[in-house]
């Protein structure tokens, strides 16, 4: 039952990802991408990582995708006016996609561990409480450092869009 | 609910992530619309996130999931900066077709 | 004392040279000439002192200054050896040198660079003395090259004319070919004997202890002979000498007749103990000498330039000397060197006197009848001519006869060649005399107007030399030779002296008759028939070939010089360009790759990412899927 | 006072020359270079007394590099050549009004510093550093103050730089490789390494590449003529008088003792190559129409002979090489100076446009003549001593090599006299040529005096060189 | 640890200063602050108490998130020095955008913080955040002239490709985590030592390497570099080619030497191939460039190839890497200071802009010459010693052909470095001489003197890392 669910969900994830890419209209792409994110959240739920799933939806679908959609709207890009790449480059993209997929999968299959057994220790490791403890104790420094990251991106975004007043 | 990895196995998740990652990469190669390329990169990052969560479960260790938060923060920051650049480009050339950005070459 | 005196011997001409070169401009021509002559005269006096001393004691004077060079096998001393041989040479180098210096004071006094002329002459005397005085081969080599340099400077003394410079250059370069041979010879000698000192070599050979590689010694002797060929103008390196007549006449007399050109004979005589060990090489020397003698004499038959005739006669006489050397008759060769120095110097100076009177005219076709105007010159010239033609009792008769006699005893063919050359010599010398001094004057009126006997400074040396040419034979009369006795200490194996028997007298007779035939022919042609050689354009047939010196110069030009230039052009235009092109080509190729590479960097992000992905693929594939 | 003092004098002199300004630069350079010369003489004096004048200081600990300068007969004689020629070269530049002369003279002194360091260095790395360092000043000297069209000059100078740099980088590799075996760069330690045959050959070739380009040996010589022609006279003198001696010195100092077996095994090949260079250079010199190029090719021939002598691996060859290096250094400086004077007055370097100088400038002609004669190794000039030993060493190796190498005395006379005739002799054309000034004459007199003095009495130099050469020879031919 | 906090704090101080209208004080305060931080770092370095008996001592902070050891401290010091120079160049360069000054300075400081995090991390999370801070700061700086289409393009290209590379890098980290179950360096290393790891681990290492190879612009992941270097404002190019490249290289080296116990031969083969390719492609492509920035980009690619050689003998090459990085970066700073001066107010950075610099401004020409000579590897400049140490260590491990390739490339590189020198000295000036801003000349001279100094005393830098 779970296996079937996994396959369906996986197929959905991949399909929406593909559709994101193949949609001519950026708006459609964005919507497919949201769907894709939702399916990934589904995966997280299957892992029983509820908190992460919710955060994922909030951050990606709620923040990042909205930002993108906003930009698309702002630029009035919701037209299917994108010229296709040349046939050669599209072909090259397809071929390289096949190649990368093949190589990666082959490598992973080769690296597959044989005869491993997965045992559940039953210990709690992904409740909000534990996550909070890990995040704010063990990973306190990166957590704080992430603020620097966000600060940089904030300053950066401002810097790039700030109106210039020459020599003020 | 018993742990999902007992049913499905970590390998399948790795394959899924790898495939999703490839799809993302493919998107970057295939499209010339910058914003769709951004989206493709997001797909790639999400593939990694999925993998991290899978491994987190595999090791029954919270660090993987914590790392996903950082990854999200990075994704958000990148998108913010990326879109700022995109807007700046759009202001100058009135479109976001990446193939129009070929001034620097040689 | 001896050291100081020996140094004085060298320093006197050196001082003359330095004064004339640095202060000569401020001195008057006569003064610098006097200084130059004095310098050589001092040397002559010192030489005389040493000569008398050595002649008395029989002990050579050795002067060793310092170690000059050090090789692994041997050291080279800067030392001098005043023995019988070198003193003999010094005697006539400084003696004739003094006379020619005196002669030059008058001969050159109009020249603006007269001080330089005397400087060079002094320098020449210096180097010539070093050449003969050196106690080893390297010191001889200093002199050897040094006289070459002076010869170069003096041939090209009138450097405004590029033909003269060509002649000078040619002389130097041809000499240098010989010098290379000499140098190689020195190397082998040094390697074989671990010394280049004459005495050491002689002792080693005399002791017979050393195990000497005869093959190498032969090569060494051959190389040394090549050196001698260059300096003494033997085939194939003789062509420079006739050209060297471009120099002022005193130079021709001193350098290219009396002294420098005999250096090769000196060297072989010096190393007689070496050459004695290599009979094959001696044979080669004899043959080369004979052929040179005949060939030069042949060419001399057809020359019209008064100095050219004398030049070819010099080559011819030198050939005879080499023939004697080849037979191991060193004393005979030396004897002829001495008598030749007297009469040839006299002849050259006489011709100089004529040229002086003719204001530079050298073509005999434009002379004639000078006997009446230039009595002294004619008389001295005539004596010398008789001497060179080998008529008794003139000195030339004795020396030449001894050579021919030696030849007769060794090799009849060479004797015939030598005799032929002698007959020709008599012919062309008298042709010269008849054309120049007899009959009527054939020059322009203006020349005729200026004809005069030369001043005393010119005639005095002529007279002295003529006397010497007359009586010089006395030093080695057949039967009782003072010279042979004198030279005995330096000659390891004295030549066999043939008692004066019927054969010998017959040979003398033949020689005299031969000379008379030659004179007779000349007389019939130029006095009785009063012929004058035709103008250049009218010369035809074999005469033309002879007149043009068998085209040897042209052949050398075509076979050696031109190919070298051609190779040079090839190197310059092809090889250099190719190598250079290759080196530049590497750079150009790199740049070209860079230029082509720019097309890959095409500015398209998609393409960049494609390469990125492919690169990643190949890395992963290489590491994980091989 | 040890050898480092010489280097310090030169380096400090370079700095001081730069800072005294254009007006005084030439004089400052003269003073400092003369001071360096005096210092060298004093160091040699002390060395002869048996006092220690070497200098060593730890520099880099890993890899071990020691800032060491060694004084022995070889190095000191070459330093003496350097410091003796530097004032002369400075003197020769007095007549030229260079723009930015302070930089020019500072570079000359700096170059002297680098070259002296190369000769003195006892540590392979220090040696290499000085070796490369000497390349930079000459590059700028040739580039900035050179003559002719800027574009072609640029091309030739850059070619020269890249070419020599390329060669020396291979030497660097060889040094590093040796270091990995020996553990430091000290020359004696490098001499004693045991190497396999292939290794030794490769190292020999690496060194050879560096030196062959610098000397130059055919076929690596194509940079030479153009650079000699286009560099300013002082640069040409530095290049031909001293810099190429660096390579010849290095053959004896580094290449041969480090790879003796390879040297012994392949010596005939290298001798033959060098001798081929002698003939090649001579024949090419015959066809040159440019005076400086002719001298460049003649230099090619001469140094070919020196290199051939060095590769004979005999004491005669090595000593001859050193003597000839010194002699050639002086002669070539003199000749290039003469060429420079001519081109300054006639405004051309084309031989065909010259002539009739002797008639107007007797002193100049005489001095030029003496230099020409020295160049063709007339006995009583220093060059003869060197050439004699060189040819003798070649004769020991093979008599035919001596004959072929000896053609230099014929061909040398040929092209030099031909040049002399065309440049100096003949009648005065329309052109006026002033005789040498006092300064010019003084410079020539110094050179000529040195050449003739040592030509007659080379003993001091021979005695000074021999022990050091014998020591090196022990490393080259252990059997002897 | 303190260093990182102080740097981040200094960045915030900058931003606050702008609010309080203390614009003039920003740069001096920053420079003084950075110097103080440098002092702090030096103090910390000596606080480690390294001596011959105690060479591997490390100090770990906050659950091993930040690890202070000699490697981290030494590189931190280098980064701070470079940042001081870069900050000192900032006000003059942005004199027309004074309002943005605080932003630029702050971004540079955060960039420095990222770089410091990249070398002193003890946990991959820190590393990842560090590299992202660095990257994002650079994206912003690359695009920091919004009206300039070239700057836009550079930013866009850099961002797209950088984000793509980040994805790969992150994928690698995820795989490593998957194989070892931890992000902590020591834990990972312990897991590696047990030996029984899934194949993912090494896949992770490889993908991480590819991500970092992209950052240091090694072939074939180098395509972004020339375009981005050329399009970015010159000061950003300077930052990228010095600080960013060196930081990425240092992080790369640290990662590989921390996480790997034994390196498989195939991996070394790849590194060798990439190294040789980078040197060759970089140098060959640089030969035919007109734009100086582009040329230096290719030169940087080739230097990345050189630096990759450190992996051939990682045990002893730490010091060499530091030395090479310092030599390269200092020469780069000096060169860029001159380039900033020459190209200010010009529309491009082509070589001809440098024509006649030797006459119009000898000092700047001399500095540029020296820095180029250093990059070309001519003694006595430190660039030579960097190459020398590299070659020495590589040869010691027997990779002769790598050294030969390096040597051949050094030869090629002379070709284009000298193109610039020739332009300065052998051509006539096109424009009139412009006065050199004081800050430029100070930075240029100071950087080249530092370069020379470490050339004269290589030991001083070489043995900082124990």
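Read from first to last, the chains carry the letters A, B, C, D and E; within each, the first residue is number 1.
The criterion applied here is as follows: contacts are C-beta pairs under 8 Å (C-beta built on N, C-alpha and C of every residue); 3 or more make two chains touch, one makes a residue touch a chain.
Treat the numbers as computed from the prediction; the structure is a model and nothing was measured.
Chemist: Based on which chains touch which, give the shortest step count from chain A to chain D.
Modeler: Minimal hop count between chain A and chain D: 2.
Chemist: Under the document's definition of touching, what chains do chain A and chain E have as common neighbours?
Modeler: B, C
Chemist: Considering only chains that satisfy the touch condition with chain D, which of them also satisfy it with chain E?
Modeler: In this structure, the chains that contact chain E and also chain D are C.
Chemist: By C-alpha centroid distance to the whole-protein centroid, which chain wins?
Modeler: D
Chemist: Name the two chains that are joined by the greatest number of C-beta pairs in contact.
Modeler: A-B
Chemist: Can you give the whole-Å distance between the Cα centres of chain C and chain D?
Modeler: Going by mean C-alpha positions, chain C sits 36 Å from chain D.
Chemist: Starting from the mean Cα coordinates of chain B and chain E, work out the distance between those two points in Å.
Modeler: 27
Chemist: Counting in whole Å, what is the centre-to-centre distance of chain B and chain D, each centre being its mean C-alpha position?
Modeler: Chain centroid spacing, chain B to chain D, equals 66 Å.
Chemist: How many angstrom lie between the centres of chain B and chain C, each centre taken as the mean Cα position?
Modeler: 98
Chemist: When you check chain E against every other chain, which residues touch at least two of them?
Modeler: 125, 129, 132, 136, 139-140, 143, 146-147, 155-157, 160, 164, 199-200, 203, 226-227, 289, 415
Chemist: What are the residue numbers in chain C that touch two or more other chains?
Modeler: 587, 598, 601, 603, 605-607, 609-610, 613-614, 616, 620, 624
Chemist: What are the residues of chain D that contact at least two other chains?
Modeler: Residue numbers touching two or more other chains: 162.
Chemist: Could you run through all the chain pairs that touch each other?
Modeler: Result of the pairwise touch check is A-B, A-C, A-E, B-C, B-E, C-D, C-E, D-E.
Chemist: Quick one: in the complex, what on chain A touches chain B?
Modeler: Contacts found on chain A: 2-3, 6, 10, 13-14, 17-18, 20-21, 26, 29-30, 33, 36-37, 40, 43-44, 46-49, 52, 55-56, 59-60, 63-64, 67-68, 71-72, 74-75, 77, 82-83, 85, 90, 92-94, 96-97, 100-101, 104-105, 108-109, 112-113, 118, 120-121, 123, 125-126, 130-131, 134-135, 138-139, 142-143, 146, 149-150, 152-154, 156-157, 160-161.
Chemist: Quick one: which bits of chain D touch chain E in the complex? Just the residue numbers, please.
Modeler: Touch residues, chain D against chain E: 59-63, 103, 125, 128-129, 132-133, 135-136, 140, 143-144, 150, 153-154, 158, 161-162, 165-166, 169-170, 172-173, 176-177, 179-180.
Chemist: Chain C touches which residues of chain B in the complex?
Modeler: Those residues of chain B that touch chain C are 25, 28-29, 32, 98-99, 101-106.
Chemist: Any idea which chain C residues touch chain D in the complex?
Modeler: Touch residues, chain C against chain D: 21, 66-72, 78, 138, 141-142, 144-146, 149, 152, 156, 159-160, 162, 165-166, 169, 172-173, 176-177, 179-180, 183-184, 187-188, 190-191, 219, 564-565, 567-569, 571-572, 575-576, 579-580, 583-584, 587.
Chemist: Taking the touch rule as given, give the residues of chain B at its contact with chain A in the complex, in rising order.
Modeler: 1-12, 14-16, 18-27, 29-33, 35-36, 38-40, 42-43, 46, 49-50, 53-54, 56-58, 60-63, 65-66, 68-70, 72-81, 83-88, 90, 96-97, 99
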